[in-house]
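Before anything else, here's the structure in question.
Which chain is which? They are A, B, C and D, in the order written, and residues in each are numbered from 1.
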């Protein structure tokens, strides 16, 4: 009689995720499934809509990273109109997007990652949360974190009118420009954020790198996968979140491919399993080989660390510094240690901040030519941006009246669906041994595994007391044999 | 759901309804509907006993709403409203179900008709639940009156009002009073002087302190509503004065007519043949006291042609009503001035319907006149005579009575030009917001029962601006209009129908969607409050704004959304 | 309520998480909430398990903010469960209130959605015929997925709802107001819409409005809008006049027309048809052909008029077979 | 027994409703499937009424007003005229058959025309079959 461990709910993309662990009679992990139980059908119901409305519809795919969908969509729509977009519009969009990154990464690092390191992975769950972090590092810093996040939100609002579910981008550019006085309001906030970026890296040094147990956990924990990496890079192979080409390298650092957005379908395909509503993307040219690791595996991940793994350098000096330091500390590039993602986020924040500084200094940024009236409908476009949680692809076609005739979406987190499924199983197998029933610590270890991906469906990871709701029930002969669940205060 | 007590009354209308519809079954059906306290059938609900039965039920059973399933509300709604009002109910607590015109009279299938009657009755019951007691508003009636046009109609109306001691503003476009009648010599059928009639009017108008005469003036703008209009009057004259604003309660439009332009007809040679003239040109001769040709000769032959521009397909289809008698009047005047002159009169039909007109026609026959009848949509042709002929022109006419084509001599040809509307009548109509028929004449609110009122309350029409007519009819209309106004002025206040649209400012966001929609400009926008507002007295309850208000802030009294929704549910349940 | 902390739950069904982010966007206030109330369930932010909820006594929760539409059997199950456990159930955000963006799925159908997602799609593994199933047998056991329904429902189609908080997402200041009102025990009448005004967006919109007559409609990209002037008067579709205010005029201020996420005004039962009624009335033409031409410039009117509320409209879904 | 459509008619008071009354006074016979609701002007007819009628079980909706140019309120019927094509567009998007909703001009003197109209529409809708709209929600719930 098999035992089943259900972890439900854990996460969400467009709903909740759950983990089903099957044990054999000895209590060894026989199998483990990671399921996404929800679908909303955007790819179908945007068909028939005016193409220019899509950027303001698809934001509702995710309220946590709406700007990523808005930007990818806007670029796909640009394509449908022959890409008649003024340079200034691209600059403004990029500027907005950097602010969006900062807000998201701050939330993730402090609310999710910090508790594990600042308080410790085996600390009492009740205090292992952002409030615990605040208690440890002091209210003043806690306040700074909240202020920094809301400043990042405010910058977005000034630029694009709103932060959650913006409506700003349309064919031919953006609906409003940046006024001089608005720029003046932004500048001091960028200054503060710049300090905050330094502070965050310093905090990581002091609390994490200073602590050998953490370094060991990062480097030698069960948190590694032998899969490939994907990310968007500029012409110098430095990370670019809003624009560029998609680069894929294997875990030895060899480039597998590099493609333009409009070529995505030649390089990426999606596998379907009947037990999850979420598809499993893989490298098309290699073909679907199942959930396997290895240098020829067609499975890849697209995360902050993956982005840095596929890059040759950062786009800005201070970020470059942090980048070099990170890889030297983590034993070179590419780095397989999933926990490295937390550090990678801080490196990215640095580039985001420096880019914002550049735009603030750019005399053209407050210009008037942020929009043109496009003259031609060419009918097809692919937009790719780097969502915080992975490479995001929107592909649309429309008829001559600009009515959407088809849409295909490969969402950031979806890229990591297979890796997460795999790492969860891996961790479960490592930790749950015959005769050794799972406990609190194990639950959090499993949790940490995919928390490293910051999967968008685990919005739980943007959590207040930074912990995922988890419970494990072990059944033996239909009877509850062992039950463990997290308390909440 | 609010508690109410409804009485439902199903009328047999003798056998008109009962023959097809099983009224008893309908009664049985509605009597089980919620809130229905009592349901009865009766032979003739509109009869006195019928109405009394309803009134009695209201008193005895404390009914607060009544449904009458009978004929069309257009027939008896008023009757039953009065009936329930006498029993102390607000008249708007009534709803009618039209089971006669729209059911028993149009369907033979008794079963189907009965089912439909049930549905209509149920709809009325559900609707009446949502009815609200409505109070008619009354507003002050400004006693002053504006009269547009200083002809016979205008002056008569003015005098009628002024003699009753009311202030009148008489606005005339031209520099002098009198209108078209001022251009006429004698009048038919008694041959007394038009000049005397007009001069008498003018002097009295001039001397009446209650009448402000504004010559050379035009009404530029009319704002407001019955009892409370404001008119802006522009007096041209020498130096440009800006418009004068006057407050008035009512307006009488007496803008008259213009004569048909004979140049539009070629076959009479008007404009080419010097001695072909119009009736008005002939009036000038008469008033000058000398009938002669252009060459100054005394004419030996005079021909009069009727229906010039009237009663024809290509020009005006209608009869101008005064030309026939005027033509006969000319015969008399010519004969008395030039006894041995041969006068021939070419007509289609001799219209002599007025008082004394037939006698007048007979006398004319006595004074040796040649009457020739030509056919409708045919026409006599005038040509110049050859040198050596003893006349200027010949007229060829296909004479109906003899059936022969006859040629008659003429030194002078008089064209009896008909009446048509003035070119600026369109502007007048727009100014006072009244409608025109296809010929351009102003439309009365009812051609028989309400001939001087219009669809816009407080605006009256009199004289030839409504249609061609003679002096007695014109005077009668002018006095009728004045009488209507005096009656209202005497009451001091006027009731405005309780059914109108109103805007709930708590829900109006000032989007101004409705502002352009009102045909009566009843919606004004308050720039300070940023809210729109309906001037109820101006509103005619069409409901255009109600259905167009995107925030549902406008309520159409007695036709509210809820009332109509419940009706929809009722007919479909 | 002073003696005892408020017991609250926040839950998402078919939603994007934006409503929860809106709660987080109350910034420091969120810490206040933590003081005032025990958050018993909030998948985005705190621990708490379905089982905990199942173990609660009926009515144990004072307040549940439910966001998201009802798209599948799990959504419905949780809606019913939380209804039972809560004294007050709030439809929070456009999806729970009216069906929201996921409600656009009611213009198509289940089969087409599944076909597009898993079969007929340029990036699907070639030859794949798999569609996710409610039940899958794997050698080690059985895996279940919730049932994907034929159409989307708004929360009040499934359970009795006490209050509605509109918006996609609700504006943070509105969220604050609602929570504070509740904490203070200032409960509005059951069924009322809270966290929004009874006026429409135009009331807050600073653009100048005059009398309206429209001869030509433009799509947003076809015209450079005048930021000072009412969008509709420029021929740009804006649902502002037919939409409750409370959002802070987010979209028109950005230069784009309102799409109605705050739902219809208080006296209106169908947002789209009411907007139609108003919009058509201001078309400046009396000629049927010209009118046809003018409205031909409005593409896919249904998704403009009912962007956030197909399931809340009178007709609720497309009747196409 | 054959399917008997339910048709709701929204008629303006001054022309169309009077025209329908005239059909009565002239004893012109027509099919009993129509249920008339009187409004003062076709401009009052809110598209919401039409949808409500369909949802409440109407198989067809007939909207009648004065002929263009003859409106008692001078231009109300033009407002109806403007709404109609957009409403049809919307109903089509909702998958509702074209024949179910119709706008016609009927003057106070056109009793015969009104009768013919009702007969024609009744026939068309009888041929079309019953509307599937009524009780959508309940049906959907029963078969998720």
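Convention: a contact is a pair of C-beta atoms (placed from the backbone, for glycine too) under 8 Å apart; a residue touches a chain by one contact, two chains touch by 3 or more.
Every value quoted in this text rests on a predicted model; they were computed, and no experiment measured them.
At the far end from chain C, in terms of centres built from Cα atoms, lies B.
Across the structure, the highest number of inter-chain C-beta contacts is found for A-C. Among the chains in view, C has its Cα centre nearest the centre of the complete protein Cα set.
Taking each chain's centre as the mean of its C-alpha atoms, chain A lies 77 Å from chain B. Between the CA-based centres of chain B and chain C the separation comes to 55 Å, rounded to the whole angstrom. In terms of their C-alpha centroids, the spacing between chain B and chain D amounts to 33 Å. Mean C-alpha positions place chain A and chain C at a centre distance of 25 Å. Annotation for chain C: residues 107, 268-269, 274, 277, 281, 300 touch two or more other chains.
Touching two or more other chains at once are residues 43, 46, 48, 52, 75, 79 of chain D. For chain A, the set of residues that touch two or more other chains is empty. An unclassified topology is adopted by the chain contact network, corresponding to no line, ring, star or complete arrangement. Here the touching chains pair up as A-C, B-C, B-D, C-D.
Of all residues in chain B, only 72-75, 98, 100-103, 105-109, 112-113, 115-116, 119-120, 123, 435, 455, 517, 519, 540-544, 546-548, 556, 559, 561, 564-565, 567-569, 571-573 touch chain D in the complex they form.
Chain C meets chain B in the complex at residues 198-203, 209-213, 230, 240-242, 245, 264-269, 274-275, 277-278, 281-282. Residues of chain D touching chain C in their complex: 43, 46-48, 50-52, 54-55, 68, 75, 78-79, 81-83, 85-87, 89-90, 93-96, 132-133, 136-137, 140-141, 143-144. On the side of chain D, the complex with chain B involves touching residues 4, 6, 8, 13, 17-18, 20-21, 23-25, 27-32, 35-41, 43-46, 48-49, 52-53, 56-58, 72-76, 79, 115. Contacts from chain C toward chain A in the complex involve residues 12, 14-22, 24-25, 27-28, 30, 34, 40, 42-51, 71-72, 74, 100-102, 104-105, 107-108, 112-113, 115-118, 121-126, 128, 130-133, 136, 138-141, 143, 145-146, 148, 168-169, 219-225, 227, 250-251, 253-256, 259, 299-300, 303-304, 307.
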